[in-house]
Amino acid sequence: MTLTPQVPALVVLVPLLAGVVIGLVRHAGLAWLLASLASVTTFALTLALAARVQAEGVVIYAMGGWAAPTGIELRVDALNALVLALVAGMAAVIVPTSRASVAREVPADRHDQFYALVLLCVAGMLGVTATGDAFNLYVLIEISSLTAYALVALGRSRDRRALTASFQYLIMGSIGASFLLVGLGYLFLATGTLNMADMAVRLADLHGSTTVRTGVAFVIVGLSLKMALFPVHQWMADAYTYAPTSVTALMASTATKVGVYITIRFVYTIFGHELSFVIMPTDAFLLAFACLAIVVGSLQAIRQHDVRRLLAYSSVAQIGYLVLGLALGSALGLSGTLVHLLNHALVKGALFLAVGAVVYRQGGATMHELTGIARRMPLTAAAIAVGGLGLIGVPLTGGFVSKWYLVAGALEAGLWPVAVVVLVGSLLAVAYVLRLLQVVYFGEPGTVAPEPAGEAPASFWAPALLLLLGSVALGVSGQLTGGLIAAAAGALAGGAP
Amino acid sequence: MSLLATGLFNLLNYWVYVSLMMIGLYAVIAKTNLVKKVIGLSLFQTGIFIFYISMGVVSGATTPITWTDAERLRLGLSRVEVAPERAAAALAAVEEDGLDAARAALGPLAPADAARLDELLARPYTNPLPHVLILTAIVVSVSTMAVALAIVMEIKAAYGTIESDEIVTAELETARAARS
Amino acid sequence: MTHVSPELTLVIPLVGAVIIALLGRWPNAREAVTLACAAALLLAVGSLFPAVLEHGARPAWRGPEVLPGLGLVLEVEPLGLIYAGVAALLWLPNSLYSIGYMRGHHETNQTRFFACFALSIASAMGIAFSGNLFTLFVFYEALSLATFPLVTHHGTEKAQRAGRLYVGFLFGTSMVLMLLAIVWTWTLTGTVDFRAGGILGDVSPGLTAVLFGLFMLGSGKAAVMPFHFWLPSAMVAPTPVSALLHAVAVVKAGVFVVLKVSVYVFGVDTVASGVHHEWLLYLAAATILIASIVAMTKDDLKARLAYSTVGQLSYIVLGAALGNSLGVAGGGLHIAMHAFGKITLFFCAGAIYVAAHKTKVSELTGLGRRMPFTMLAFAVGALSIIGLPPLGGAWSKWYLGLATLEAGHAGLLVVLLISSLLNVAYLLPIPLKAFFLSPPAGDGAHGGADEGIHEAPLPCLIALGLTALGSVALFFWPDLLLRLVTEVAPLGS
Amino acid sequence: MISGLNPGFLLMAGALLIPLLPRLLRQGWLVALPLLSAAQLLTLDRGDRGEVTLAGVTLHTLFVDDLSFTFALVFHLALLLGSIFALKVEDATQHVSAVLYGGAAIAACLARDLVTLFICWEVVAVASAFLIWAQRTPRAYQTGMRYLAWQILSGLLLLAGILALVVERGGPAKLTGPLVFEALPLDGAAGWLILLAFGIKAAFPALHTWLSDAYPEATPTGAVFLSGFTSKLAVYALARAFAGQEVLVYVGAAMAIFPIFFAVIENDLRRVLAYSLINQVGFMVVGVGIGGLGVSGAAAHAFAHVIYKGLLFMSTGAVLFRTGTADANQLGGLYRTMPFTAVCCMIGAASISAFPLFSGFAAKSLIMVAVAEDHRPGVWFLLLFAAAGVFHHAGIKVPFFAFFGHDSGKRPPEAPWNMCLAMGLAAALCIGIGCYPPVLYAILPGPITADYAVYTAAHVITQLQLLLFSALAFCVLMLSGRYPPELTSTNLDVDWLWRRPGRVVWRELTGPIAANFGRLQALLLEGLPAAVSRAVMRPLRVDGLAARFWAMRTSVLVTVVLLLAYLLVGAVHAAR
């Protein structure tokens, strides 16, 4: 029997099963090994899947052989093949290299649990991305979220505030998921189906009845919560600050991206252009909050003393960019969102890894502890520097490409104030990044701060630099991602009536 | 008055679900006790369950079990006064030509019986899908509760309290101590 | 005629920066690398001149594409060659001077200083030879970044504040205004390439005016008021950095962008035909006058020079905004003329600081007896800035003056002439008081207060002597420059 | 020698060598340089040469005709005499600037085109100012700055005029050849601007204050050079460009008259000479304004004037050098110990007063004749009055108060040999030209010929009458004690206008700019960020520790509000 036709299912099942298995082995090393193997395998599978999508077009996999709409199907096109590869790729980089930081930050008897949770979380996110069924989506979201709450709480051995952060995350996450559930209920009520493709077809015929509109409202607000879109972003700042380093790195680079992916899926594929942008003012709603997110998130980032918190607020702003692009409702905007999605995942993952290295060596990641680390930890510092520049969107990083698309998209739509907001946002990014770099490179340790220890283990800076390499590649080679992104954006925007 | 009554009673299930959600959210917002917050969350989710369950209900519908026409007719005949041979003929006809032919074969009935039979034969079944879904959602909700309560326990262990304002005070003091 | 490929002009200083960073422990070797790179770069850029002028070649290099049709492109053209030539030519004396200054002054972090300096030069080369707006923007930002550690070199609170202003104004203008204009141009025309005659032909006049404003104000390095504050505050940096900012690379990058954009994106004729460019003329004129008046009130020598630069830069902005080829020619010439004059002045200011530890204009009275050579060079530089023959500054003023009259703005000629008088008023007293007045009396026991002051270290003197001679030479041999500017903007048109 | 080389350039290049030479060699070089340059001048043929292209501008740096030759020659003389006079000055700055100054003036005279003229014009301006600063006193420094400001203003006006001319002629592209320096019409901005530029250097009324202000502050030797070049260069330029322009006649007449009054009440003898210089230049300007013979007269007068004015400044310079002062009230009776200087001074005074047999007579009479021939009796009388006036203050007052008058008790030694030599040579020239004018007439431009008869009875008698009555007036005034006393005082001249009210206007204009600029800077760099910080950043502080549960609470509330808002907006949107 050949496994090739089963690849879409395996992408979800491998980490899921691996997570379950790891939960049963009570051995830290073995757990790490299995988790690493599983994550790398999953990544390979997603790559294979992406190759297949590129060759064949949309890949549909009926779970258990039940055809849609009765059965649950996995449906992979260019867009979610990209996101799948991203999520699995980040996991494949972060999980195998997380051993040192996990050893430092998580109690020894919890290592197996840790890896099990991580894999379950990844499985949840992959499932969310791959599924073609709306209710299935809700369940998988909750799988990834529940594991994420637990993972955040694991940070308590370093700082008990992880617990309160986790609790807040749980409350907000659950409310968000519940809103999504209510919204799906209304849509189901109106269409009688939960298959996304099917739902899309039927919604197009309904022309926005009250039920449909209520459903759309619940879905969009629920997803905003899940994406941590301003003004419901507060949970993210806390969770990212206190979670174990590798968890933050993984979640910052994947969880919100999956949220954005789902939003794209709902807004473009399921609701369609007319329902989203003509009947409902989703574009205005999202644009307004995206702009606010960019400005307020960046301003808050400028104020922060703790670098992880700074990066978390920067994520709030970056999510603003992502949402802004998708709310523009054009191929340019969507391309911007997709490039930014990739770039921000790479950059933010790398930055949290580098900050993790500092935590590993210095015991914390406030400005105080980062002072002058460039002398002793040049590679970590380099990762912070390049990552910071990527956040700003300096030319030759992926961030610039996405910024370009977003500004062009806004101008194309005649929304020059939005373009200005995008640019002002990157200016504010300059402010917090340069402040950080000034401390890292030009700070004088010894008088105000502890003398830095040596360079952190390679398992911190090597993956960080690898990810940044990806960001730079994204920035200098339009061809690298251009094909996939253009296909995805074209399919979505072109699919609109 | 009648409009209000219609609105109130016809949409009763919605009112219930919305009320439950609001009560739950209120608890989440207003209560300082973390367990109460969790309970509020649970109430909130329960409201959603009601919404889903009521959504699948069709008044007067049968249970959502797959019936053949013959089985349905047999059930209907058991509820009305009808001659056995006509019943047999109808059952034969339904096998051959479907319900309409069977109804014709049955011949005239007492008006009350006729209406009852027609109602029985035409009655839809309730949609089972929402109920199935909500089973899953309940599982999710229970898991959420479990995780939430676990975290609350940990908070109690770490802070010695589950009152949010006391936790804040404790944190503030820690921060102040760290600063000085 | 053989010439180097344009990307080599970037590679030389880039590689230099890396080697410099690695040689931090061997200062002599490090400085040798700096000088060798400067010399190599000079040769490389020099080899491009005959190719462009004699053979009409436009050597180009295409780098990676970031978006379809949007990539790093270097293309050598005459205007860029002026800027690149100035930067490459002044890097050598500036390096020489830096060595004398940094050692004479026992500065810390010298490795970082020289490495960042080389990076700045690489960025300047990128700006000079950029073949499209995107490349221009990339290197423009790179220059800001590379110079940031130089501005905050001392790490003091004042330096950091200067750094914040520097970043705030430069990134603020470029990232918001200039980038917006670039992307807008791209969405409107589908291209960001520099083309003779401009690329905005099909764009409506109103939008053209908006873009013009965005581009001109977006080039914050041109320090047009009120975007000039970063420049005086950046004076806290070591003097070689000030020289880099004011003469070699940074502010010249700003005005170069202004010129290049008006010539190759808008086209000289478009600038002239629009009614919306006039505000820039008045803004530039106001900047010229106000900066001079403010310069007079400054007792701090470097602050005075900084405001002088602010005023002088607006000469070039004026040239670009006048919308005729004479203005472009004048502006192009002034890039070089001002560079040589102002670098001399800064070299002198630094030499005075190293030798005498004096920073105030009022303290320099009578210093000419102790530092005659420095003060003489200062006078030469000052006269060139004022624009008196036989110094280079006269020619740029000549063409700018012609341009104002040709454009029918006689009032602006008056502004230029008043500015010359004001320049006399705030620049010339410095060397004159140094030479012809007695120093303030000392405390009696040691004779004069200037007892024991000698000329600055020899490398400094050589450097400032060279640049002062350069100012003179530019009067007698401006032909090369003139051929370059007339290639860009034929005077017959 | 070198064909096509403007001798002025030779001088300017040679000037740069001066500081490098040891003392003796330097002195030799100072004398040799003007001689070398003069030799170059004398070998030059008439005509247009020395084509250079600078910055796309075609320059013809050398043009010799009678007019330019006359001025170039006398400038050489002035430079030579001045250099000898200043031979013993140790300060290389003065030598360099003097030779540069003279060289630039000569180069300017011999320039064919306006751009070369402008370049030399500016060098003249800057180089000459050093002769004032070299006095090295705060007062001299200030004066020098004022002087320079005027000179630069003149240069800028010239530049503006040239630029306007280029544009009037169709722009630089149309201008294939040089921008020839020739007669300029006064029908556009260009002509007037250039006239104004020349006018400043020629010390037109109200534009003259730099002269009377600066020359007395120059070094003893510097004043000699200053008196020689600047204003005569302006006369040359006027003669070249504006010969025959009516307006110059009136301006010149005014120039000849008004300084007399200032000169009479002035105490500083060098300032007296400065005023008389303006007066003499007035004669020349009138000559230029009349044109024809007038131009010849102006050239002749300039030639003579350079020498005798130099001589006068040399003698007062020698006095200043020996006694440290040139104030009339502190001098007197110096003839006892400085007889040679006194004699030379009197020869100079006689020349400036146009005594027959002295150079002034030979030159000035040409102008008077030209005025008369042009039928301008009013101007003629004015000039006559001016001539009387100049005899009064320069011819009598200067030698009288310095060498005779009341005895100051000072007994300085005779001037050094080099000064005496210079004065002697100058005096000889004054007498030589006065006795044998055809030497001068031979080189003059215009309709004059060498056999022009200057010593006609009418000329001589008119002049002598004038001089004698003037002398009589002086004597009467002196004897009756009504002559304005020699006091240290400041004469109110038009420069008061820009020294006092001008300063106030300037302060009122620029003060607010500078002050408001500072305020704007504070606002932009400190006030605005602080305000933004207050308005924006402070409310953002909700993310502190204390806010966490509050934040959760708000987050939930916000979520609900968001939902309701979106539903509402959606409903409204759909209803539309």
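For clarity, chains are labelled A, B, C and D in written order, and residue numbers in each chain start from 1.
One rule holds in what follows: a residue touches a chain if its C-beta (ideal position, glycine included) is under 8 Å from a C-beta of that chain, and two chains touch if they have at least 3 such contacts.
This is a predicted model, so every value here is computed, not measured.
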Next item on the list: Averaging the CA atoms per chain, pick out the one whose centre lands closest to the mean of every protein CA shown.
Entry: C
Next item on the list: Using the touch rule from the top, work out which pair, A-C or B-D, shares more C-beta pairs.
Entry: A-C
Next item on the list: Just give me the whole-number Å value for how far the CA centre of subunit A lies from that of subunit C.
Entry: 44
Note to self: From the mean C-alpha coordinate of subunit B to that of subunit D, what's the distance rounded to whole Å?
What the structure shows: 106
Note to self: Need the CA-centroid distance for the pair subunit C / subunit D, whole Å please.
What the structure shows: 35
Note to self: Going by the contact rule already set, what residues in subunit B reach two or more other chains?
What the structure shows: 25, 28, 167, 171
Check: What are the residue numbers in subunit D that touch two or more other chains?
Finding: 548-549, 556
Notebook entry, point to check: What are all the touching pairs of chains?
Noted result: A-B, A-C, A-D, B-D, C-D
Checklist line | For the subunit B and subunit A complex, residues of the former touching the latter | finding: 25, 28, 34, 37, 41, 44-45, 48, 51-52, 55, 129-130, 133, 136-137, 140, 143-144, 147-148, 150-152, 154-155, 158-159, 167, 171
Next item on the list: Please name which positions on subunit D make contact with subunit B in the complex.
Entry: 545-546, 548-549, 553, 556-557, 560
Notebook entry, point to check: In the complex of these two chains, what residues of subunit A are touching subunit D?
Noted result: 164-165, 168, 171-172, 175-176, 179, 208, 210, 213-214, 216-218, 220-221, 224-225, 231-232, 234-235, 237-238, 279-281, 284-285, 296, 299-300, 302-303, 309, 313
Check: In their shared complex, at which residues does subunit D touch subunit C?
Finding: 53-57, 93, 118-119, 122-123, 126, 133-136, 138, 140-141, 144-145, 148-149, 152-153, 155-157, 159-160, 163-164, 166-167, 171-173, 189, 510, 513-514, 517, 520-521, 524-525
Checklist line | subunit A to subunit C touching residues, read off their complex | finding: 394-396, 400-401, 403-405, 407-408, 411-412, 416, 419-420, 423-424, 426-427, 430-431, 434, 438, 441-442, 444, 475-479, 482
